[in-house]
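Note that the chains are named A, B, C and D in the order they appear, and that numbering of residues resets to 1 at the start of each chain.
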Amino acid sequence: MIALLEQIISDCAHYPSQGHVATYIPELANVDPNKLGIVVSLEDGGVFAAGDYREQFTMQSVVKPLILLQALMDSSIDTVRALVGVEATGKPFDAFNYSDQALTGAHINPMINTGAIALCTLIRGDTYPEKFARLLALTRKLSGNPELDVDQAVFHSEKLTGNKNRALAYMLKAYGMISDPVEEILDCYFRACSISINCCDLAKIAHIFASHGVHPATKEPLFPAEYAKYVNATLATCGMYDGSGEFALTVGFPAKSGVGGGIMGVIPRRMGIGVFAPSLDKHGNSVAGVQALARLSQAMDLSIY
Amino acid sequence: MIALLEQIISDCAHYPSQGHVATYIPELANVDPNKLGIVVSLEDGGVFAAGDYREQFTMQSVVKPLILLQALMDSSIDTVRALVGVEATGKPFDAFNYSDQALTGAHINPMINTGAIALCTLIRGDTYPEKFARLLALTRKLSGNPELDVDQAVFHSEKLTGNKNRALAYMLKAYGMISDPVEEILDCYFRACSISINCCDLAKIAHIFASHGVHPATKEPLFPAEYAKYVNATLATCGMYDGSGEFALTVGFPAKSGVGGGIMGVIPRRMGIGVFAPSLDKHGNSVAGVQALARLSQAMDLSIY
Amino acid sequence: MIALLEQIISDCAHYPSQGHVATYIPELANVDPNKLGIVVSLEDGGVFAAGDYREQFTMQSVVKPLILLQALMDSSIDTVRALVGVEATGKPFDAFNYSDQALTGAHINPMINTGAIALCTLIRGDTYPEKFARLLALTRKLSGNPELDVDQAVFHSEKLTGNKNRALAYMLKAYGMISDPVEEILDCYFRACSISINCCDLAKIAHIFASHGVHPATKEPLFPAEYAKYVNATLATCGMYDGSGEFALTVGFPAKSGVGGGIMGVIPRRMGIGVFAPSLDKHGNSVAGVQALARLSQAMDLSIY
Amino acid sequence: MIALLEQIISDCAHYPSQGHVATYIPELANVDPNKLGIVVSLEDGGVFAAGDYREQFTMQSVVKPLILLQALMDSSIDTVRALVGVEATGKPFDAFNYSDQALTGAHINPMINTGAIALCTLIRGDTYPEKFARLLALTRKLSGNPELDVDQAVFHSEKLTGNKNRALAYMLKAYGMISDPVEEILDCYFRACSISINCCDLAKIAHIFASHGVHPATKEPLFPAEYAKYVNATLATCGMYDGSGEFALTVGFPAKSGVGGGIMGVIPRRMGIGVFAPSLDKHGNSVAGVQALARLSQAMDLSIY
């Protein structure tokens, strides 16, 4: 297994040059584009790692499945569905392309920024710091890493430069889809995006989605199986932005990428994967990360299709 | 002339029932929908008024030509053109329909909210209160009414509920088209929309655009003719929202409407018109106002086409 | 198994009243909206049927996975990918929403009409009747039913009224994506849509996609596994039109619906399903068919997510 | 006057290099890009010409105002308005960007291809050759040139390559906006686009629109003034494609351009202009033609705004 992972890392070493690291905040731009790490968490409890797997990076959009899960746990499937839709929009992650008629939940999904911002309001908590604390606690619990925390420099940069997200949030507010103060909601959202993590944490979180909410080691049920299936199905259709269809063909399992360079891969009933490689393709997905997952999928016959 | 205006008022009395007053803030919703006033300011200095011409209302989008004029006067034609385009977008006044690629000036024009908000930044002034003071002074000067002022109740309501405009402004900021603090720019924009005016003021302002910047009585040149033509041409193609083409056919001169119910009509080299009737059609234009202008255009052969 | 299917049929009997049969051609409108049939083809060779499973209906869009498969078999994955994309468009099956810039393969996918029409050109054959003959032969082979044939009345109606498809085809031609005569390509496409089939045929075809090209009984490899995965992955992200995301959540496996009322469900490595119920929801998917599949998925734990 | 025109021609000699001649059919591509001719037809009957004013070119979209006029004359304003709208769409002349909901007249206007194709059906005549004969007769009458005729080579090329127009026409048919055979309607439309003309003819046609249907010399009323205003107003808002707003600012009167390089300029109540210069800008408007008109407008104070 380790040999396979190392072979894959070696085979994918040239891919970062085909993309670019995200540059919208200096903290993301300063990363070494050639880093590549991968961790797989197997059914039998084995965890295998290779490459730059200890590298820390911020979750960015990889946190969206966790926001969705927390919203499902704290509200209900019906409440979540009433607020945000589930269809792929054919739009990139920050698309600003709503028609002149009223914006409705049907136009957005939990894997685009607008949908994830809206879902923050469904997390339980009297204040947004409380809501974020719940989300962080869940992320720590699923990863088994109580040390996980916000990268403050990234968080402050996101907050400073996040005007497109402000625009999206005010649009949600204008159409009555959220009612709390925009800056408080965004504070929670930006903190969530700024949680610092590594491939190992990611693989463990992915594994719990794969095992439908049951902790693979302790067998403790952490959340209902139907929530896991809700998240996994959403990842399969919308998790890789406008590259979701391509990813289904070439890799073939639910996954979520973030512009920090991470990808979380979920092979239902079987395993979880965490990958990190910060150079991104035109869709905002990790170039080397996608290639590594394609090779792993091929080698281990991981496609669910 | 008075007889003609009174006949028109009488003929148009039933139109308000075909529309609805704007309701997005209570101050606009509380107006009597059946009010209808009209004032024409003629070449020879004659000013004729009929109906509810003394009624005060807020300018709303009718202030857009004045924002454009002030921006032209304080910056230059080139600077204005570099920031906002001039093409009709085929989108309503608050359209939120920008593609996923970078927003550019070519996507907006000075007669939609996004464009007018952007143009506020080109008004001279160290602070936004200073910029607004200049705009108010210009409006007072063109109308010859030094009493013109902001309707504070409307202003505060606009500020409270203006989340769609916040979304538009943050989008401008996200794409680097504005750099000042959004709330300060919007404060200026909301104040401008909330200037209280009547048909008589509006007719006089219109007349100065018609006379290409020269005060009809004093013959004082208030601004260059090319700025007047810039504004008038923009009104002709984009002044009546998505009803601009229809208005060109049935009325036939540059005009600007606002959701407060006002319409400013400019007959170049000839006269200015102010109309007020708060019941709006689906495009956001005054129903009775458009009908009154169509009758007046027919009777006085005002179409420029 | 039979008891389960019959229970499902009984439970779903009231759903047809929530939709409407397709009416764009009289032949589709004349069908009894309350028909409901289901067939499952299991791994062990067992085939179970219930309800109106003998009812014949035309494939309509259910033929799209077969057009895609034939194009893959006769050209190659690279050629297919060069012509049509794989991303969900967020547009209904007959969307006509291409931007003013050149149309490219990236804007379409094999499960919308434009993509399927384009793929007809990649089927081997000197003439379009020859191409269609290959497609029909493949459909007969996969279903194990050598009697399958075109419903001539439906075909002639499609041809007569198919102007939206003509528009789509001429657009493909205008952008250089197809070069053969439009009417010849459409003749092949309309014939394909008009193949008459029943749930049993559909379940058997589905089963071969599920078994990755290997005939479940004879174990004969009919086409490469990678083509099956290509088709299945495409169905998972785009097979149910704008209801694909919803279907992934509530049912959870690759499927393709047609406005004739059929749905083909593929549970990879496990089983094939054919359903027929002609009353359609707003997305063009069989109302009772989707509900029956949701119940079956729940009862047999068929979700792949 | 001649001196002014010659000065303008000389000043604009370098503009053709900033654009490109249309190349979609060989007949258009073969033209000399540096040709530049201009003719003005004045109120007092004077006609002045300069440059390559004798050059023949095909009308292309310049024929659209004539199609609109003939439709108005043969049907009525109400019938024309019921079929096609009047709003600028913010889309180029061949935009293919209709939403998934039903296409309606409100989405199109007489100055884009879709609208002009639809209007051909409203011309009187039992057959499309008869309809075209009426349109040609009108064009000959307005230009005072009984020799005007179709350039057969251009017509046949248009017919051969006009697949985008076929797509637009089938879309109109699919939505029930036209019912006659598409190829017959397009035959009429392609012939209309292929009428060969020169600047002098164009200036005379323009002059009759300017004089509201009255022949400037004979004073014969050729069509009602309200039809002229309908056409002129439509040209003012939509005549120069996506450059209509820009043209209103820099030139300032109703005009229609065609990809053959012609522009017809209408100064209501005052004069008609014909320009020819085949090198086009990104909107499809003649580069040197627009510049020549801007200079002429400036020199003669022709802006109507």
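Just so we're on the same page, a residue touches a chain if its C-beta (ideal position, glycine included) is under 8 Å from a C-beta of that chain, and two chains touch if they have at least 3 such contacts.
The shown structure was predicted, so the numbers you read here are calculated from the model rather than taken from an experiment.
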item: For chain B and chain D, chains touching each; value: none
item: Equivalent interface positions on chain A and chain B, same or different at half; value: same
item: Identity of the chain that, by mean CA position, is farthest from chain C; value: B
item: Distance from the mean Cα position of chain C to that of chain B, given in whole angstrom; value: 54
item: Centroid distance [mean C-alpha coordinates] between chain B and chain A, Å; value: 46
item: Chain centre separation (chain A, chain C; CA means) in Å; value: 32
item: Where chain C touches two or more other chains at once, by residue number; value: 91
item: Touch relationships between chains, expressed as pairs; value: A-B, A-C, B-D, C-D
item: Of chain B, residues touching chain D in the complex; value: 85-91, 109, 229-230, 232-234, 236-238, 242-246, 248-249, 252, 254, 268, 303-305
item: Chain D residues within the chain C interface of the complex; value: 91-92, 94-100, 103, 163-164, 166-171, 173-174, 182
